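Here come two complexes built around subunit A, the first alongside subunit B, the second alongside subunit C.
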Partner chain A sequence: MVSRCQVEVLYFAESAEITGIRSETISVPQEIKALQLWNEIETRHPGLADIRNQVIFAVRQEYAELGHQLLLLQSGDEIAIIPPISGG
Partner chain B sequence: MAAREEVLTLQAEVAQREEELSSLKRRLAAALLAEQESERLVPVSPLPPKAALSRDEILRYSRQLVLPELGVQGQLRLATASVLVVGCGGLGCPLAQYLAAAGVGRLGLVDYDVVEVSNLARQVLHGEALAGQAKVFSAAATLRRLNSAVECVPYAQALTPATALDLVGRYDVVADCSDNVPTRYLVNDACVLTGRPLVSASALRFEGQLTVYHYGGGPCYRCVFPQPPPAETVTSCADGGVLGVVTGVLGCLQALEVLKIAAGLGPSYSGSLLLFDALGGHFRCIRLRRRRPDCAACGERPTVTDLQDYESFCGSSATDKCRSLQLLSPEERISVVDYKRLLDSGSPHVLLDVRPPVEVDLCRLPHSLHIPLKHLERRNAESLKLLGEAIREGKQGTQEGVSLPIYVICKLGNDSQKAVKILQSWTDLDSLTVRDVVGGLMAWAAKIDGTFPQY
Partner chain C sequence: MSSLDISSSCFNQETKLPLSPPLVEDSAFEPPGKDINEVEEKSKDIIKFTSEQLSVDEVSQLVISPFCGAISLFVGTTRNNFEGKKVISLEYEAYLPMAENEVRKICSDIRKKWPVKHIAVFHRLGLVPVSEASIIIAVSSAHRTASLEAVSYAIDTLKAKVPIWKKEMYEESSSWKRNKECFWATSD
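After this line comes the complex of A and B, so read on.
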């Protein structure tokens, strides 16, 4: 039995436009690879596929490579999807 | 009829004032041009070192001089520092204002654009009277009034791969206050190639981002964003909107980072990204990745050894002006002039306005049906019902067997083309001809109805 936890996903800039929301709480396995976590989020919002290579993916306010490193998550952890903005 | 006389007197007075005003504007334009000519001749040489502050300087900067972190040494460093400000818009204006006020020795101001009325809500160095003038001259004039000791060097040109290395290399610190993706990559690469720290800020809608690139072994823009975003996922302030005070907050934070670097205090946001959410009132700090060893610009074996064509790299132009899409053939489009003729003839049709509701609230053609593009994309049931009703109603005015035309309109004529494509793909609309109005409502305002609002 894989234990799960509730994490808060924050959507910034274009990712908020694509998903139509600024944040949501989702249930994910406590042990999960960064790429799998992204894929779980992308499954909920397929439009995010367009920007997956151009975002900062941050776990607990720290950049996480979209790769195979294992994340140990706890309920309440903050995941952020941050596309660059270029206006000024 | 005293009231009538008063009206005439006032009208004459208004006409006289207007004549005075336009004469003043002509003189100002001439003065600005003369200033521009004289500035072309000014060479940019390195600022000489400064050994001491004058009595006037001590008084002027006294509130910051008594900060032990800054002190006389910090102020002397500021006075001999030069900062290149790329973009004199919503970020560049507040940034340059605070750098000039704080006594930075030289400010290079780069912008190819002219002041427009729609800039004034956030670009706080530009005044109403200077609409139509180059932003860099307007900014330089305001900065000189603020602090005559600061040398302002205006460059009324776009930063290009041909000019960027030379220009960036003449300054100590670079502030990226630009408004588009190609310029952001260009500024980054120029800073990496010339070894200059880059303080980068950006803003859109209610959000802002700030970070310092290529400082003390930290990452550069390409380390964090190796690939540019697809052009269609990038929103400009012209399209998405921005609140002036949000660019103001970010420009001020950016100025703070520049000042700390220039004064020798060191920046706070090298290797980390500050996110400002103005709607929620939150500041968040995200720790960024380290420098990427395989970074194309600052990595161990860089492939960016000279500046390149950033517009083709990013698939977009180095401006935040809207580009015209060409999705439809000429037969699928109608000009505003032809549409006006058709409207005047009373020919039955449906005019479909596909702009977002917030823009329809600003202005609309009274006979248009409003369904936002987003609703068409999602085949929103309520919207489909509305469109069906409008078509049935319109058909009552046409002869049997004659198809009812639908004309689609938006602000500039890009979204309207997307909407035509969507409507054409709906097989249940087979018997209809769908066209879009070239140039949209802004063309309508420019060519047909001068009283129609522009935005």
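After this line comes the complex of A and C, so read on.
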């Protein structure tokens, strides 16, 4: 049984409009594949399914694709949902 | 120069983002082998996200150096139309601490590739009227090739990697934009 931790999820741009919030704290396993983490978040906010093929995570401010790589998380870690960017 | 204020009005403040210092200036590069007769000027990376109007004069002044014969500038401005639709206004938001870190990485990459002196990257946030500058990049170098190439690299890489979003508001709808350079969402 993997122990759990409290992480801060940040929503930006379209993901913030879909969820209606800018951030929330959620409980997740300390070891979790990026894709599983996305699925947990999508379960909380089903509307996010519309953009799942277009987003990437930033875990502790570093990009992480929604793939099978294992994320090692600690309480307080920041996970941002990053829709396609349009700066410049 | 007056430092400023990432105005809280342009972000939704329920976000518990640690807002980074508005203006960050540091010496990114210490030239090796200082000659005692040579008053070497420290190189600077100046990065700013602001809800205030950007000034080309202000940003280009920041990179002036007596060691440099060139200042290259890129100014990105907001267009008034998209696919025939009239753009009423635009709004930018950013994941601030990460955006600043990503710009800092770009500055560091530039210094590995080209002999440039100072680099300034200013990006507007919040509501931006049509035709105003959304971004100004200025780079100084001894000779023009380095700063011209560095500015081009800076804007291309910023569009691909820095977490900033633009929403265009039309008369009857709105749309989050997507840079073609965005590395994880290049096509629909």
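In this section, the second predicted complex is superposed on the first by the 84 of 88 C-alpha atoms of A that agree within 3 Å, B and C clash if a C-alpha of one lies under 4 Å from a C-alpha of the other, contacts with A are read in each partner's own complex, and residues count from 1 in each chain.
The rule we apply is simple: a contact is a pair of C-beta atoms (placed from the backbone, for glycine too) under 8 Å apart; a residue touches a chain by one contact, two chains touch by 3 or more.
Bear in mind that the values here come from a model prediction, so they are computed numbers and not experimental data.
> Does subunit B (first) or subunit C (second) touch A:Ile21, or do both, or does neither?
second
> Once the structures are superposed on A, label A:Glu8 by its partner contacts, choosing first (subunit B), second (subunit C), both or neither.
Touch status of A:Glu8: second partner only.
> Contacts for A:Asp50 in the overlay, against subunit B (first) and subunit C (second): which applies, first, second, both or neither?
The first partner, subunit B, only.
> Intersection of subunit A residues contacting subunit B with those contacting subunit C?
Residues common to the subunit A contacts of subunit C and of subunit B are 12-14, 22, 53-54, 56, 58, 61, 63, 65, 80, 82-88, listed in rising order.
> Please name which positions on subunit C make contact with subunit A in the complex.
12, 14-17, 76, 92-95, 97-99, 101, 123, 134-135, 155, 158-167, 176-179, 182, 184-185
> So in the complex, the part of subunit B that touches subunit A is made up of which residues?
Within the complex, subunit B contacts subunit A at residues 87, 89-92, 176-181, 184, 201-204, 207-209, 224-225, 227-230, 233-237, 240, 242, 247, 250, 273, 275, 277, 280, 284-289, 320.
> How about subunit A: which of its residues touch subunit C in the complex?
Interface residues on the subunit A side: 8, 10, 12-14, 16, 21-23, 53-56, 58, 61, 63, 65, 80, 82-88.
> In the complex, go through subunit A and note every residue touching subunit B.
Residues of subunit A touching subunit B: 12-14, 17, 22, 50-51, 53-54, 56, 58, 61-63, 65, 80, 82-88.
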